[in-house]
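Labels run A, B, C, D and E following the written order; every chain starts at residue 1.
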Amino acid sequence: AEDTIKIGVLHSLSGTMAISETTLKDVMLMLVAEQNKKGGVLGKKLEAVVVDPASNWPLFAEKARELISKDKVAAVFGCWTSSSRKSVLPVFEELNSLLFYPVQYEGEESSRNIIYTGAAPNQQAIPAVDYLMNSEGVQRWVLEGTDYVYPQTTNKILKAYLMSKGVKEADIMINYTPFGFSDWQTEVSKIKSFGSAGKKTAVVSTINGDANVPFYKELGNQGIKAQDIPVVAFSVGEEELAGIDTKPLVGHLAAWNYFQSVDAPVNAEFIKTWHAFTKNDKRVTNDPMEAAYIGFNAWVKAVEAAGTTDTDKVIDSIVGVSVPNLSGGYSTVMPNHHITKPVLIGEIQANGQFDIVQQTPQVVGDEWSDYLPDSKDLISDWRKPMSCGNFNVKTGKCGGKGS
Amino acid sequence: MITSFFLRALEGRIVAMVAVLLGFAVLVPMSNLLLGPDNPLHVPTYVMSLLGKYLCYALLALALDLVWGYCGILSLGHGAFFSLGGYAMGMYLMRQIGSRGVYGDPILPDFMVFLNWKQLPWFWYGFDMFWFAALMVLVVPGLLAFVFGWFAFRSRVNGVYLSIITQAMTYALLLAFFRNDMGFGGNNGLTDYKDILGFSVQSDGTRSVLFALSAIMLALCLILASAIVRSKFGKVLLGVRDAESRVRFLGFRVENIKLFTFVVSAMMAGIAGALFVPQVGIINPGEFAPANSIEVVIWTAVGGRSTLIGPIIGAVLVNGGKTIFTGVFPEFWLFALGGLFVLVTLFLPKGIVGTVAQALAKRRAAQAAETPTHLNGKPQAAE
Amino acid sequence: MYLRPVRILAILLGLILGFATAASSAADDPAALIKALGTANFEQAEAIIADLGKTGDTRIVPALEAFAAGDLYVRKSDSQVFIAKAAGSGFTLIDPVTGASAGEAPKSAITKIKINNSLRRAISSAQGGLTLLSPDKVVRLQAADSVLKSPSAENLELLEAALAKETDRAVKLRMEQARAVSLLSSDRPVDQKRAAIATLQSLGGRDAIGILMTAAPTLDPALKGDLDAAIKKIEGTLALWDAAQNIWYGLSLGSVLLLAAIGLSITFGVMGIINMAHGEMVMLGAYSTFVVQEIIRTKFPGAFDYSLAIALPVAFVVTGAAGLIIERGVIRFLYGRPLETLLATWGVSLVLQQLVRSIFGPTNREVGNPSWMSGSFPLGGMQVTWNRMWIVLFSLTIFLGLLLLMKRSFFGLMMRAVTQNRRMASSMGIRTPWVDAFTFALGSGIAGIAGVALSQIDNVSPNLGQSYIIDSFMVVVFGGVGNLWGTLVGALTLGVLNKFLEPWVGAVLGKILVLVLIILFIQKRPRGLFALKGRAIEA
Amino acid sequence: MIDKTTNSLLYLNGVSVSFDGFKALNSLSFTVEPGELRAIIGPNGAGKTTMMDIITGKTRPDSGDVYFDGGKIDLTKKDEAEIAQLGIGRKFQKPTVFESHTVWDNLELALNRNRGVFATLFYRLSAEDKNRIEEILTTVRLTHRRDELAANLSHGQKQWLEIGMLLAQEPKLLLVDEPVAGMTDAETAETAILLREIAKTRSVVVVEHDMGFIRDLGVKVTCLAEGSVLAEGSIDFVSSDPKVIENYLGR
Amino acid sequence: MLTVNNVNLHYGAAQALRGVSVNAPMGKITCVLGRNGVGKSSLLRAITGQHPVSAGTIAFEGESLNGLAPYNRAKLGIGYVPQGREIFPLLTVQENLETGYAPLARKDRFIPDDIFSLFPVLQSMLGRRGGDLSGGQQQQLAIGRAMVTRPKVLVLDEPTEGIQPSIIKDIGRAIRYLRDSTGMAILLVEQYLDFCRELADHVYIMDRGEIVHEGGAETLDTAEARRHLTV
């Protein structure tokens, strides 16, 4: 009807990614319900249009098109993997709509039609490595990842970063395993022997999804304790831990921009609402949920500022919008369509939660990594008059699109 | 000789289907381009690209039916040929981006730039030319099918053993293409295309042409498949399916027969993939997933194996169902789809087309039976 | 020996210095030190722990343990530090030094003292020093272990004192090794260090190499040769054990493949049903385990170690029943049309996945490992994890059981007869519907108990089945359809092959290579490893 | 050795084959001359079918020579299709026809025409071929069921159809394994006439247990037992051989 | 006695039996003859329950068999030797014989010695896979297998097909022996006239799905019988 504003929810509810994405669909429904309790947006009620792209990348593109063209949604909240985002990106640009992407990713992208509320590598990976280097005196590094673009890129950045800090090439080992890998015996014993070179060793894990559970089980069983070789992970949050007995894992780390254990009133409130909404006080919260929360609120605020849901106007008004995040501060949408957030390092606890051992001040998401040779000169600024996603500061030219 | 070969293809059902397809090829783009959005007959662009996608899947299913329905080769790896065709087209589209990529490199695609590749790998050469890419759409899947089939058919790998090694093939390719080091963009694949032969891939005009091309290609491949099936060669194929060793003892080289069919089918799948990619805008290793290939088998079975038009109908119906179900009841659609598959097997054992054909045949038989027949006397209606 | 007084002096000096640095308390007063923990940051806390260790006061061991376990809290009102244990909605407080009860406090009144990995290391080192003389043999062994892991010259005296009193051989050996470790970083004479290197060489293993490498930079150049020789020696033995380890890994991966495939070797191998829902049967087995454990957790927490023993029959019955329903409801209409079973079971698998997703949610559910499934034990120079060990034994047991059933029992004979010629079997008086149903149920049930085992090493999620289905078919086909031995040998071969390729070319390429090798192998043996031979097949 | 083969159409010498240690053929030697009709008898399990498997390339011998066409062609080096194209046709003991094809199509497929991929793709049924098929249909008495699927034929009818397919193949040598099994006496007699007719233009080897039929054929008979030749000669000669009576005919 | 009364049988729309009535009394050998495709095997399929009848009744000792599954008929004592043998190809000879245990009580689960004395070749090949046997060996196995179930009615579909003469004689002796020693009813479908003539107590001739002749074995030589058997 005319008196509602539709928004699209584009998360896989079946297939391999359902395990992660379904929760985000629930969060979106909750946020919409909450917003409607507050009277909606621009005096109209919000209506969430949920579809299931079924972990299938072409289907993501198809569903995005359907949401925008057929359902005429004002904005879409969705995607998890970078492949799905890459698949829908041209659709959003072609049909000039807006996507809020809530998951940490490898960076190297900035689209006028996407707001990236998850972490860029500098908002997660680099601070985590800093922590290990400074607080734990780590000198030797295992970069263990699933063989796909996010880990490969992140590890490329990390390797450059570590070497810039004086770590020798021989003290870095990079391993990749396939998706859904489940037999970690060899890899873990490889880590063990790499770690017995007399230098403090740590593992930086970009292992994706389901492969983490068997990985941590194997670590526990082979007796690798956090005190000996700590593992810091970028894809393991409260939801992933809910499937593991974490007692043998106490002390292993994760770097995120949010943990459920964050001690802030706004977080307590959020968790309460979440439990009430899901009617289950055991449901955990996690970082992508916070990113979805930030993205949604930023959109609401930008729409109210623009006074319309028109994409162009919202894109103009959203830069600079600042909304509370769940760690007690504010996150601001930057001109590069990434946001500011603090980086939190947490240690796994026996109860499956994280204990925050370090928190940085707000970090601006850096879409073009300073540690990759071809990106270091690029910046992105979607404000007029530059309005460019890949401006080369050396040549002073907008790299290709935008204009 | 050639004409008679093709003329033979044009039997009732096939003609009807070809006519429908050609009608679609003309009418859908026309209504999209010429009728205003408010016209009730207007086909919106997204519906057109959706239909275009279905047609590509239909072509893939048709290709599978040729080897499975008529030659008894249950390929669980046809997605591989589809994907390779798609990648060949994707590589062309990537090279068309030129310096409009985010890093502005005139030669290297973006994913190579940020992974710090210094020069284009050799296998990317030539893909800046359309004719070359178009050739590769046929050659790459065809060659893979040829090499694979050459060994497998010569070694007389049969039945499930063949099925499983085709699955192993597509699975191995899946893993390989996931690797960034392969040089095909890793799991993100190839995407964000700009234009094809100078036309923007996103313009309605280009989409219309691509749609029409999909329909026409499908029609052509249907005629070709029908011509093959209805030739003596087609009868030999059925023989191979039902009693392979008998065919051998009649003096036919079973391995060549299979190889030819397999390669033709792989090329059709490649064409399907090539048409698919510019319409959906992405090709990535997910297309190699074994489950995708199994789904193709399912479409074929739902529509009716060994009927040629069955797979087309099956692919369109199942995918159409998916589109609708994933939008209308996103949380429960698997129940609907899974239930549909079970029901089809139980109640339409020969698939939709096969069952309808059977029912028609039965009615004809019943009419014929008005005059009582003797089994051991006059000819009987089939089954 | 003559050095001893000097060392004691040094320790005393250290204590005094510690006293001087500890800002607000006496350095030898454990209570004050512990109180200081309440307000210290990570670095300060580390220093305090070291001081606590030096007090030699064994009363503080419980406090250290509590700290490591995250049970040390500071009371907001007066900054007093307590060991706190959750009791009802609040906590009971215990004095960290005396162990006396100190009343209760609500959750809001106390704050947990944070701990990180560096602190944990400091604690275990301090703890080690303090408990070397414990009357409990196990504690002493642990103490020696932790000293061994965090060597420091300071522990040397303590170790030697403890060694002099030690009577237990195992503990003594460990203490000697610990002493050797600590000695390397001390300023003892060269020949003592040389002996220490020899001791460490006899310890062997990765850990020894690690210790020696750590010591290397500060070591007397004269000992360099000994050190390198020792490392080389250890590495030599390790190389041999590595090969053994690889075989073990291969067998254990193989046994997982076997477990996943063995049910399929019945439903597919024997019955000829292209059973795409096989993976979901495995998944149902895993979820049965989850449910059993949930019930045990809430109702009979003490019985957790028996949870798997209970889950096995439950999973068998649950998945067997599911199989029975599927067979009676769908598959029985499809005999003689094997390819259509693919379509129907694919549909069934979609429905089951979504059903589980709807009931249990899309995320992983936690299935715990009983204590006997956790950890590892050393076997010569390799480390064998218990869960893998049990899974290998379990899968072989199932295999043998099934083999006996198939080959030796009348039911097995009926099963084979029915699947080879259903019509004729019926005319021989075999109740074919009954045999079909129970054969499928058996295959499903076995998949279910495989799920119990796999829940111990993998995710319990709705996708569990999907991740095994391809491998399972690969194994059954590679081994030779319809041959149980083929499934066994196929699974183990693929497992070992995979694990030999993995260290060599990496996990991803390794997996690709295995697939390519399977394709090539099938060219050589088009009917799998253990091909059924004979006229009936070739015709 | 080879010289001995020069004029025989089929020449087997010292052929042995064993399965899992069981010797199915034991140094079997056997020749067929051009234009000869030869009957083979022998106890069940004597190796008659196995011998045909060897000749048609289905089974490889463990040792021994198999030559065709006057010793020109070594059959052990050829595969089934090549052997069939050389002109050796075979009817199986268990009738095997293409069940999902009509009777007519079964014959059309068997017709001796170029069997290459492209030749079959562009093949058109000529009037000559049509007549040939009609002719065969009449011969095997299946004209009235020409459009019926082969699956719907009775056992005996399938036997006839398979013989028809063999005729369509126009081979130089026909190997016929138990053609009259499941036929009535009258049909059996018909079949004997048919085979004799065929043998006028080509060589035929018939395996049968029906002694009446063998007698009707009236040709040289070879009796195999335990994988080698037990007796050879006219039917009367062979059937009076005590070893043959002992092993085969019974008292 | 096995009674088949006025039975019709259809394959889809095609009718293979039309009003067929046949009796097979206990202790007698009843023979059914007819050309190819006249419905002999179909009759046996109707009796064994492998194909449903569309009209008529089939009864054994007064008990109706209609609607019973084949395995229940086997339990009632109907033993079947099908055309084409239908050996379980991957089971050994021994196992093939043992499949006959299914309808038996536990104490009866052994292989009667008669079988091996009738078909000694089976004894020597107990360990070989059924599918590897030669055609004739398989035929013997099929008869032996049916005997394991201790049938009261033995239904044989062209048991002489592909069998060497001496064994045909053996089979003939076996059938007679079975009739005489156990008093079972034997229903024999044959095309081999001499064999029938020698064994049968009573014969039926079928043509085009119908019984066209009935009488003693001697009536086979009448012109009327001959007419139905010639081409």
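Here is the rule we go by: contacts are C-beta pairs under 8 Å (C-beta built on N, C-alpha and C of every residue); 3 or more make two chains touch, one makes a residue touch a chain.
Protein identities per chain, from UniProt: B = Urea ABC transporter permease subunit UrtC; C = Urea ABC transporter permease subunit UrtB; D = Urea ABC transporter ATP-binding protein UrtD; E = Urea ABC transporter ATP-binding subunit UrtE.
Keep in mind the model is a prediction, meaning the values are calculated, not measured.
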Inset, instruction - Trace the shortest sequence of touching chains from subunit A to subunit B and report its length in steps. - result: 1
Inset, instruction - Quickly list, by label, the chains bordering both subunit B and subunit E. - result: C, D
Inset, instruction - Would you mind checking which chain's mean C-alpha position lies nearest the centre of all protein C-alpha atoms? - result: B
Legend entry - Whole-Å gap separating subunit C and subunit E, where each centre is the average of the chain's CA atoms: 63
Inset, instruction - Find the geometric centre of each of subunit A and subunit D from their Cα atoms only, then give the gap between the two centres in Å, rounded to an integer. - result: 74
Inset, instruction - Could you put a whole-Å number on the gap between the CA centroids of subunit A and subunit C? - result: 29
Inset, instruction - Express in whole angstrom the distance between the two chain centres, defined as the mean CA positions of subunit B and subunit C. - result: 45
Inset, instruction - Spell out, as numbers or ranges, the residues of subunit A touching 2 or more other chains. - result: 13-14, 147, 176, 178
Legend entry - Sites on subunit E at which at least two other chains make contact: 14, 37-38, 132
Inset, instruction - Please set out, as single numbers or ranges, the residues of subunit C touching at least two other chains. - result: 353-354, 466, 508, 511, 534, 538-539
Legend entry - List of subunit C residues in touch with subunit A within their complex: 42, 70, 112, 114-118, 120-121, 124, 149, 206-207, 209-216, 245-246, 249, 252-253, 256, 353-354, 357, 361-366, 368-369, 374-376, 383, 385-388, 456-463, 466-467, 498-499, 502-503, 506-508, 511
Inset, instruction - Over in the complex, which subunit E residues touch subunit C? Could you list them? - result: 48-50, 69-71, 73-75, 80, 82, 86, 88-91, 95, 98-104, 129-132, 145, 149
Inset, instruction - Going by the contact rule at the top, pick out the subunit E residues touching subunit D in the complex. - result: 11, 14, 33-38, 41, 83-84, 121, 128, 132-137, 139-140, 158, 161-170, 191-193, 229-231
Legend entry - Complex contact set, residues of subunit B against subunit C: 74, 148, 151-152, 155-158, 160-161, 164-165, 167-169, 171-172, 175-176, 178-179, 245, 290-291, 294, 297-298, 301-302, 305, 331-332, 334-335, 337-342, 344-346, 349
Legend entry - Residues of subunit A defined as touching subunit B within the complex: 13-14, 50-54, 56-59, 61-63, 65-66, 68-70, 81-83, 86-87, 89-91, 94, 108-110, 147-149, 152-153, 156, 176, 178-179, 372-375, 378, 389-390, 392, 397, 399-401
